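In the two complexes that follow, subunit A is the common piece, with subunit B as its partner first and subunit C second.
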Partner chain A sequence: MPQAPDPITRNLWHVVAATDELPIGLVETTLLLDTRLALTRGSDGEPVVWLRTDEENGDEIDADSVLERLPVRTAYGYTWTCLGTPDAELFPIPEFAEPDRVNMSCGSIGIHVSAPRAVENFLDMGHFPYVHTDILGSEPHTEVKEYDVEVSEERDEVLATKCRFIQPMAAKSAVGAMEVEYVYRVPHPFCSVLYKSCPEDETRRDVIGIFLQPMTEERCRAHLLQSMIDSTSTITDLRRFQQTIFGQDKPILENQYPKKLPLDPRSETPIRADKSAIAYRRWLSQKGITYGVIPQAS
Partner chain B sequence: MPLSLSDPNWYPIASSEDLPFRHVYQGQLLGRELAVWRADDGNVNVWENRCLHRGVRLSIGINEGQELKCQYHGWRYANQSAGCTYIPAHPADAPARRIENRKYPIREAFGLIWSAANDDQAYAPFPGSDGHDWFALRPMPVNATPEDVVAGLARLAPDDEPADLLPALVVRVGGVTWFVQPVDAGRAVIRGLLPEKPADELATLRHYNELLTKLRDRLERAAARKPAPEPLQPVFEKVSADLSTMPDIAVPRGNTLTVVVKRKWQSADGVIGFELADRDGKHLPTFQPGAHIDVHLPNGLVRQYSLTNGPGDLSRYVIGVKAESASKGGSKVLVETVREGDLLQISEPRNNFPLRRDATRTVLIAGGIGITPLLSMARFLDKSSLPYELHYFTRNDESAAFSSELGVLHGHVERHAGLARDAIRAKVAAVMGPYQFANHVYICGPGAMLEMVQQVAADLGWPDEAVHFEYFQNDKVIDSSSAFDVELARSAMTLHVPAGKTILETMREAGLTVPSSCEQGACGTCLTTVMEGEVDHQDVYLNKTEKASNTCMMTCVSRAKSDRLVLDI
Partner chain C sequence: MITLYDFELSGNCYKLRLLMSILNLPYDIVPVDFFPGRQHKADWFLRLNPFGQLPVLKDDDLVLSDSGAILAYLAKKYDTSGLWFPDDPAITAEVLRWHAVADDITSTSSAARLALGYDYNFNIEKSQRGAHRIFRLMDEHLWFGEKAGRDWLCSPAHPTTADIACFPYVMLSEEGGISRQDYPALRRWTDRVRRIPGFTVMSGIFPAGPAKVD
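Here is the complex of A and B:
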């Protein structure tokens, strides 16, 4: 029997689908926090989410006939729901609203690892030369320079700034090696947003979001958002680029043990480059998250 | 009897054939996953299948020959010790902390790799193994409890000649000795040995394979009717508290070990080689390229010597000692009185001369006996197929040491014999060329040469961070003009250190016994933990990171920047 999720996790908004990809009038099924869900979109285009009983993927359905609905929110191209009592707001990504950006959901990828492990991978620059060889990094340039991490009290999020790394091809529009600068935000226990210097315009930053849907404690789905200042690459190019990146992470993450994220500092060996991961683990601990993690024995 | 995680028996976990050149094999024993790999020197390693950094399986890592490289962040672990030798995210730091993966005992015999869950029991070959040239059959994995598999094998025996059940899940049926490898509570691998090579190998292998396939099917059908046993739950050992507190640096205390002089030989005119090994044939502690050891000499002196070893080569340490002019008391004693078979006390390796492996170009410049650490560096770069060039300056051809070791390297190795000072300078300038991004130069040699190369490097625009060297002697003028207080926390004492006097002297005058040796900030004997206050480091023992941590100091030369220091004494 799966364990009931902790109240914090239960009351969070969780991503469940790319809104545009939800079929109108047909059922789609998924799993969230060990709970079976059914989803569809009404003729008005609005998503509807409810606890699945005997519906099957692809069944025809009239959204209006669904009476017992879960709360729903649409944001950043995705549909979010909650199994408990949700907060009023989802975390902000103000850049998403800027008119000249290309915003797109870049698909979802299932990974057999806990959601927090996947968040940690997203925050981690040290693996670029080894896992994303010749794309996000390449040997011999392996150094992770000092960067700053703080847990912002007022926004209740982990913030890593001045993260620099030498990359051969940091984004679709990049040519040749350059040092890129990143800012990472973790505004939600299972979501992270990355800002990186944009090859086209020095004053602006490309934004990449990763939203993890914790299906079980050891299984998640990564949903990607890109909000780019890139006038040349096509959407297909940009999508393929991000999918290559996550396709490279998947086999590594699936070979990580234990699959849940251990919060006891003595369970693994952190180095200075892992500062943001350490802050993230502490933040989860302090929040009292127990879903998808191995809490520190008190 | 149910399986136990602490079962001390030895079991076969792989066939020798499972370990081809530069491969990493994923094994399993008693619920634990194992990364099994053979180094280029033939040694087989059986490690917990989990990188200490972030828990990624090491079996998907890369066997670099003498080191295993994790796929996720490229950490390197040394053959034999499983100690971490390199962390690519921080290429300028020697991993000072003792990061060592969990390893299991290993023996290779009868075409099989044997291991055990712990070191409680010494390896002993199975009874009756003597006097045969054993032939290994193909292994057969079975999804059934190991006990059931043993029982199934025993039932293969005819009624009039019952099977022999031996300890550690061994069954002898007719001429075949069957070993059951307990993979987990509900899984096993059958590995059989024939006392000699059969006449028709293929037919024999096929025959037993068919027999085992049928047995497996029977056992798995029976297992499917029973409730599946609870898998064993191995626990991952916790890392030590000092490894888990990320930013702190633990400077290792000068632990000493006793080694035996295995070999002493003349490597070149004026250079004597010493091979030092553990007395019981165990491997020596992990080191990184550029590391040195302190050798405690029979006359009480302590001297530093660089290791020349390549990666994962821990069966012995090889150092080179300059015999010539029977230099000061130290080397003279080594050269003249220490003989093969003698015992010596040495420190664990320390590294103040770490090699970055993130350079696009690495230039190694050696003068005379300074070849020793650079030989080690060249060997590491060589194994990882990283580009490097080594320039070795000697007085004449006869004084070039370690020729055969240098001869087998694949990189660009150039010897320069008998050049005059100006010619050396011109050569160094030509070799280095103008600075380019991610170039690094390492120099080891006589003081004058060191200064010359530094000068040349500066003239060519090389930044300080790209020019690496180390001091074994503290040639700096010690500034002892400050005056301050030291509070000795454990002795509950506060002393005033006046200008012109060292902390060490002050403590001795107050009646404390504190160890020291070189008293010039080079040997590390007087290393002391600092609890409060800001240190004015003047030694050459601690490296930059260690100094910056402000957690320790050498009381023989270093002083305080603050009015007060609190020491853990």
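Here is the complex of A and C:
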């Protein structure tokens, strides 16, 4: 039997699907925190989520017939639910509402690793030249320069700023190598949002979100969001760019051992580039998250 | 001019990118949003391939589908060496035999990957078992080949489209939860494929390290 999730995790809003990709009138099944869920959308387009019993993927269903429902909210193109008592609010991404941005899901992809490992990989710049060769990095520009990390008390999130990296092809809209500046936010234990210099408009930033759906302690689904300033690329082009990057990360993530994220500072040896990961691990520890991690021995 | 209707994370599309890279053939890409957009089932795509499958390749006005068939076409048309799809009848049969194995690898190893990663409704355990059965047979075939001085799936002393066709979903098997740890000869063969001049990667497949020099 899987162990019950800690109360903090249980009461979080968790992403479960890209709303537009949920079929209207058909059941989709998934797993959240070892719990079987069924999902659909009503004829009004609104998602409905409930605890799965004997429903199978693809069954026809009238959403109105589902009476016992889990709480649902939609945000950033995704459907979120909660198995406990949710907070009123989900973390803000104000840029998403800017009218000239191209917002899109980039697919929900299953990975055989814990959600916190996937967040941590998202925060790491050190792997760019080796894993995303000639796109997000290239030798000999392998140095992760000093950057700032803080935990914002007011917003309860990890914030890494002044992250700079020389990237051969920073985005679909890039026309050559550039030094890119990143800001990373971790506003939710299993979600991260990054802001990076936009090749098309130097005054603004492209926004990329990774929202992890913890299926079990060692498996998750990565739901990817792009909110871009790009007046020329198609959605297909932009998705392809992001999926290319994610497809490179996938085998690396799935080969991490242990699959749960160890929170004891002595269990893995960090380097300077891992400053944001150290802050993230400490933040999870202080929150009392035990799901998908190996907690620090008390 | 060649145009490939392509999805980056598709091993079947990658087979064609790989052979065209080895043959140094220029081509254009039309990206198809296979996931999550399911554009391979859209009307415009079904007009190119009524079976609704990637890849599709256009060479001027000629429209082709099925990765194995297109590999044969590209080799016969553009490989001036004649090595990648040899004319000898017995060897042609050998190559086509392995093209069929490649399709079996797709329906097992790739199916497990699609089920685990992309939410496809396939039977994961059955797909994994099927892939292990094929990998065991390939490992034996390659192991005896090595003992006899044969490095590739078919008998010639050079790779053929059979090796290209079988390679991607062997390499991507771990995404389907299928370890290659028990198949050392299979792993050595994947290293040899990755050292073919002109080799190129796809997302999820990394280059091989340099070969050991005696």
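General remarks:
We adopt the following convention: the second predicted complex is superposed on the first by the 298 of 298 C-alpha atoms of A that agree within 3 Å, B and C clash if a C-alpha of one lies under 4 Å from a C-alpha of the other, contacts with A are read in each partner's own complex, and residues count from 1 in each chain.
In the analysis below, contacts are C-beta pairs under 8 Å (C-beta built on N, C-alpha and C of every residue); 3 or more make two chains touch, one makes a residue touch a chain.
Bear in mind that the values here come from a model prediction, so they are computed numbers and not experimental data.
Shared-chain residue A:21: touches subunit C; no touch with subunit B. Of the two partner chains placed around the shared chain by superposition, subunit B is the only one that A:271 touches, whereas subunit C remains out of contact.
When both complexes are overlaid on chain A, the residue A:258 reaches subunit B alone and has no touch with subunit C. Contacts of A:244 after superposition: subunit C is touched, whereas subunit B is not reached.
After overlaying the two complexes on the shared chain, residue contacts for A:140 are found with subunit B alone; subunit C is out of touch. Common to the subunit B and subunit C interfaces on subunit A are residues 251, 255.
Partner subunit B is touched in their complex by these residues of subunit A: 120, 124-127, 129-131, 139-144, 251-252, 255-258, 262, 264-275, 278. Residues of subunit A that touch subunit C in their complex: 18, 21, 30, 57-58, 105-112, 221, 234-237, 239-240, 243-248, 250-251, 254-255. Subunit B meets subunit A in the complex at residues 33, 50, 52-57, 60, 71-74, 87-92, 99, 236, 238-241, 243-247, 357-360, 386, 438.
Remark: subunit C residues 7-9, 31-33, 35-37, 39, 116-119, 121, 174-175, 177, 202-204, 206 touch subunit A in the complex.
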